[in-house]
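Each remark here refers to the structure printed beneath this line.
For clarity, chains are labelled A, B, C and D in written order, and residue numbers in each chain start from 1.
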Amino acid sequence: MDQALQHLVNGTVLGGTYALLGIGLTLVFGVMRVVNFTHGELYAFGAYMTYAGVSLLGLNFYLSLALATLLGMALGASIEWLLLRPMRKADIDSVMLVMIGAALVLQNGEMWAWGGVAKLIPNPFPGTPLVVGPVSVMPLRLFVLVVSAALLLGFWLLLDRTRIGMAMRATFQDPETAALMGVRIGWVNTATFAIGSGLAAAAGALLGPVFMVSPTMGDLVGLKAFAIVILGGLGSLPGATIGGFALGFVEEFAGGFVSTEYRDAFGFLLIILILAVRPQGLVPAKERIG
Amino acid sequence: MMNRRTLLLAGLAMPALSRHGFAADPIRIGMTQPLTGAVAASGNYVANGAKIAVEVLNAAGGVLGRPIELVLEDNKSNPREAVAAAEKLVLRDKVPVLIGAWSSTFTLAIMPKLIEYKVPMIVETSSAARITTSGNPWVFRIAPTSEMEAVAFAELLGKFDPPIRKIDFLSVNNDFGRGAAEKFSAALGAKGIRIGRTETMTPEATDLAAQITALRQSDGDTVFLTTGVEQQTLALRQAVEQRLGKRIVTTGGSFPDQLLANPLPPGNTSYHILFYAPWFPERAPHPQIAERYTAEWNKKGWEFAGLTEGFRGYDAVLTVAVAIKLAGKPEAEAIRAALWKVKLAGVNGDISFAKEGPAGQESGQNKPNVSVVTLSEGKTGLL
Amino acid sequence: MNALFAWGFVAALAALPLVFPDPYLLAVLTSAGIFIIGAISLNLLLGYTGQLSLGHVAFFGLGAYASALATLGFDIGIGFGWRVVLAPQPVWLGFLAAIVVAGGFGWLLGRLAFRVRGAYFVIITICFAQVLRMVALNWVELTQGPMALISIPPFSLWWPGQGVVPLYRKDQNYWLVLAVAVLAFLLVRQVVRSRIGRALVALRANEPLARSVGIRVTHYLVIAAVLSAGIAGAAGSLFAHYVRIVDPDVFLFIYTVTMVIMVVTGGKGTLWGPVVGGLVFGLMPDLLRGTAPPEAQWIIYGAAMILFVMFLPRGIVPALARRLP
Amino acid sequence: MTDVLLSVEGLGVQIGGLTAIADMSFTVPAGEVVSLIGPNGAGKTTAFNVITGYMRPTRGRILFEGRPIAGLAPERIAARGLVRSFQRTSVFAGCTVFENALMALHLRGRAGLLDALLPFLRARREEAALHAEAADLLDLTGLADRAGLPAEALAYGEQRRLGIAMAAAAHPRLLLLDEPAAGLNPSETADCIALIRGLKERGMTVLLVEHDMAMVMRLSDRIVVLNQGRIIASGPPAAIRQDPEVIRAYLGAAHAAA
């Protein structure tokens, strides 16, 4: 029972970060119809920028997090401008290949710049866990969970309350109609990709200090992010949140009670099951007719 | 970082220079390591160790009056590329001897090619038993097997207080991790220590909470942790987070260097089985050699922690140089014959090869030294 | 003229080991050739049905494991005390097993995955390969897990005057791969030029219209998937007996990417596309060796991918075809 | 009285809570040209999609030659002898006109995988026959001299004609044409009418959805008028022309729209 409680806490902590990862990916797919293979690399980029800020420039931890997120957005915007904008008319497959190429360039660029040795990011939180009854959790991870939740909430408000958010939602529903109604699709795409990238970089910046920073850290995370959005329904924002927590709990409980060997396989098996039974995911995005 | 790049450039320029007429043609030594991909960090350490060994040797006049040239090829952390790299080294660069290939699978992938091309290889890191027992007479291993490591560790059991009574394992799910769990169980089981559970993790996993929570359920007092540096660090930190409350011993010879600058909270001491402890070069079997290696490494400004792994490349090159000197000519068959006769002092200790594997096709296996380093609040000590 | 050129090209490749017996060149070409066979098989799916499978390496890996296990033999428990035991078989049987096993999984994936299209299809295929990798990693009794299957025998063939001999020599392996590549090419050519190929192209061009003229979508897509998987399995078998070690990394994503980019660079939906693109991207890594630091080689590789897709989206072969009337 | 080829009985279709077709029943007798007309949004295209298997009906029955076909996949329905044309994308883009014709003849062939791999006598003979039939088809549509062009390079009217010919290629017993004359100029429309007459003479039954009233009146044996998902009238062209409810609900609206 104590073990189950601990797994529950761990699953929640894990799920929160997964949700953050999934939402950026699903947003980009929903609005732009782009499967973003650089998502994992932007995650790594966010982590490295935090490392650079804290360890190399000696900046404040929180300032470094914010800077890393902003730099991630800037990198995302330049990827959109350089690679995606010229490919707007291209088919979805070609765009995927370009993004895979970009991921290769980014990952090896990181390895070139930083070397392959994994780095730890110092953080201002105490290194001993908070203990409540049978359950323990690190203050840093609580902080990550809270910031993730705040980012998710802020993102919802952005979508719901701002002009750019409305433009994004309109494009999400139907790009042609949105364009007719005066939405500048080019700008919405840049903003969308920048925000999606910013969310990935923020996830990396938050999780970098929890785990470690290495050039290949984006690989597994990229795959996980796919799993999350497929679980929730590709292009569905609530789905990505639910999918993130679902994957977090499944991994944690299956890993704890069934087999740690297959821990990472459960997510993928779940996807194949979901796609076989319910191809549109748990929470399907609204279909576009036509 | 800057250093690394200049070195790469220097590495590029070197073959060009040598072609422009030194007195004697260089003797080429081939090396393949994972320089990119999942395990690149450690591969680059080993490659760096080899590079400084070549510099040291050349500064002392080379071998047989000729300079040594290290031809380094990336195996991109996968077996297919390991084979491609080995074939390039043997067939295009015509090297008479190879060093490689870090992971056991990369080494095993290259091994049939050694028989095919009749070229000996010094195995510097791989720990799988099968490498020296499968009957490949071209393989000479200076790295210890998991079994040797376990047996050597068993001799040090008396130094632990409170004593080790029951052990569990947290192992990376590969040859290295599974091999260590098996051999340590056998070696320590023979000493009357009880064996608990074994949890495994994929090499790229970062969240180990499920495994550690499961280990907490065991009544063992010590967990043997076998994986690369990165996961060692993650596991040590997450063990604190999940209140594992057991002694942790890492195996395999790598050291979680990041915990020096970012130490675990007070009261957490971890134990690390190393083959070279760069903090105490004076305690190495051959202090002068160890100090020279350490000094050259630090001169480059490379990461200090890399010393724990870089010595593998350093010792491998020293071994090859002695073998070429004994052979009297840089030819594969002669070097192979000479390797059986080498006796030299390396960073890790004396290097010589004993026969292992089926009669008539034995591989060479060196018997290395181990030491256990403790880490507590960012400070190291020797057990 | 075209056929003459094609056979001339094959004859030139076949004569290569006699003219330039450089073993390194042959090693590089053999290794590239195995992936070109993979690309030829992928082209059937990607080029002719228009379905981007990013899990194609699954079939390659299945072929490699099936062939390796058939020739090494195995002895595994399947629960309730039952055991499945296979004594080591000759290599040609392993080759057939690779084709059958991979083809069978092609059928399975086809049945499952063609219910969805586009991005979903892509991701389900990625997941498929990932799950297989996890199984290969963890079903240690069968696959040896990460410890890899080693000591896989080399391919053996009946050789004039010598009976059945194992192929150790570079030129022999080269010719073997060349022969399988030519067979794979001819097989794909026969299929795409037949009524089946027309049905596949019709489905790619306009699925609703194709259905309206009576083309059974799933039926034809599954045929394509089975054939494609079978050929990829054959390539995997060649790989297993050439490299002679198979580990779970045979399911690496980057291998799929290699095959996909070979097809796209050469020209998807053209017979020669995977061959031309395969030569470009099969030889590039080896040409880059030594010219740049290892990380930079990857960066060049990735950048080349981007540039080809952006500036030659239909591939080299169609671009050349337009130049030459 | 001729045999009934298609009969639609009590058909109802709901899309996302909206009623596209409320309750529809009509029959298509063999050998006739029947037109389905009605203002935009009346449910004509939905009816087409349901009959040809692209959408599922919420209720009702569809019988083709007395056997139910509702819920079957489009390709199965096509194999039974009921083929449709499309309004917008009527050809296989990226393929030549001749290839288009060959693809449309899919149901006329039966070569399988074995024939593809080992193309001996039977498969070769079939290919030759299909090529001849494709050439005939292009002759019929007057596109023989365009055989080598990419289909999307054809003029709009020619593309529409090719689309109709392709639907008719496999000799279906019932041909469903979705606005074949939409966007055509008068001379192209005349070509189109000639083509449909030609098909009828070959023994094909035609169910037509069309806005061009002149064309409908000239071609049809019977007309079914839809409004807001319901049939409001049906009968021969002369009767429909006189029907006051049709004039009110449909003709007026169509005139206003034009």
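Keep in mind that, in the parts below, a contact is a pair of C-beta atoms (placed from the backbone, for glycine too) under 8 Å apart; a residue touches a chain by one contact, two chains touch by 3 or more.
Every value quoted in this text rests on a predicted model; they were computed, and no experiment measured them.
*Asks:* What are the chains that chain A and chain B both touch?
*Replies:* Chains touching both chain A and chain B: C.
*Asks:* Any idea whether A-C or B-C has more C-beta pairs in contact?
*Replies:* The comparison resolves to A-C.
*Asks:* Closest chain to the protein's overall Cα mean, using per-chain Cα means, please.
*Replies:* C
*Asks:* From the mean C-alpha coordinate of chain A to that of chain C, what's the distance rounded to whole Å?
*Replies:* Those two chain centres are 32 Å apart.
*Asks:* When the centre of a chain is set as the mean of its C-alpha atoms, what distance in Å lies between chain A and chain D?
*Replies:* That gives a centre separation of 48 Å.
*Asks:* Measuring centre to centre with CA averages, how many angstrom lie between chain B and chain C?
*Replies:* 35
*Asks:* Where the CA atoms of chain B average out and where those of chain D average out, how many Å apart are those spots?
*Replies:* Computed value for the inter-centroid distance: 73 Å.
*Asks:* Going through chain C residue by residue, note those that touch at least 2 other chains and give them in order.
*Replies:* As it turns out, chain C has residues touching two or more other chains at 137-138, 293, 295, 298.
*Asks:* Check each residue of chain B and list the ones that touch at least two other chains.
*Replies:* 5, 36, 173, 202
*Asks:* I'd like to see which chains touch which, written out pair by pair.
*Replies:* Every pair of chains meeting the touch criterion: A-B, A-C, B-C, C-D.
*Asks:* Within their complex, state which residues of chain D touch chain C.
*Replies:* Residues in contact with chain C: 52-54, 73-76, 78-79, 83-86, 89-95, 99, 102-104, 106-107, 109, 111-113, 115-117, 119, 123, 126-127, 130, 166-167, 169-170.
*Asks:* So in the complex, which bits of chain A are touching chain B?
*Replies:* These residues of chain A touch chain B: 3, 6-7, 10, 14, 108, 111-120, 122, 126-129, 131, 136-138, 141, 207, 211-212, 214-217, 219-220, 251-252, 255-256, 260-261, 263-264.
*Asks:* In the complex, go through chain B and note every residue touching chain C.
*Replies:* The contact residues of chain B facing chain C are 5, 8, 12, 35-36, 73-74, 76, 78-81, 83-85, 87-88, 91-92, 104-105, 108-109, 111-112, 116, 128, 130, 134, 173-175, 178-179, 202.
*Asks:* With touch defined as at the start, can you tell me which chain C residues reach chain B in the complex?
*Replies:* Contact set of chain C toward chain B: 22-24, 27-28, 31, 137-138, 140, 145-148, 150-151, 168, 239, 243-245, 247, 249-250, 252, 285-286, 289-290, 293-295, 297-298.
*Asks:* Taking the complex as given, what residues does chain C use to touch chain D?
*Replies:* 187, 190-191, 193-199, 201-202, 205-206, 208-217, 223, 227
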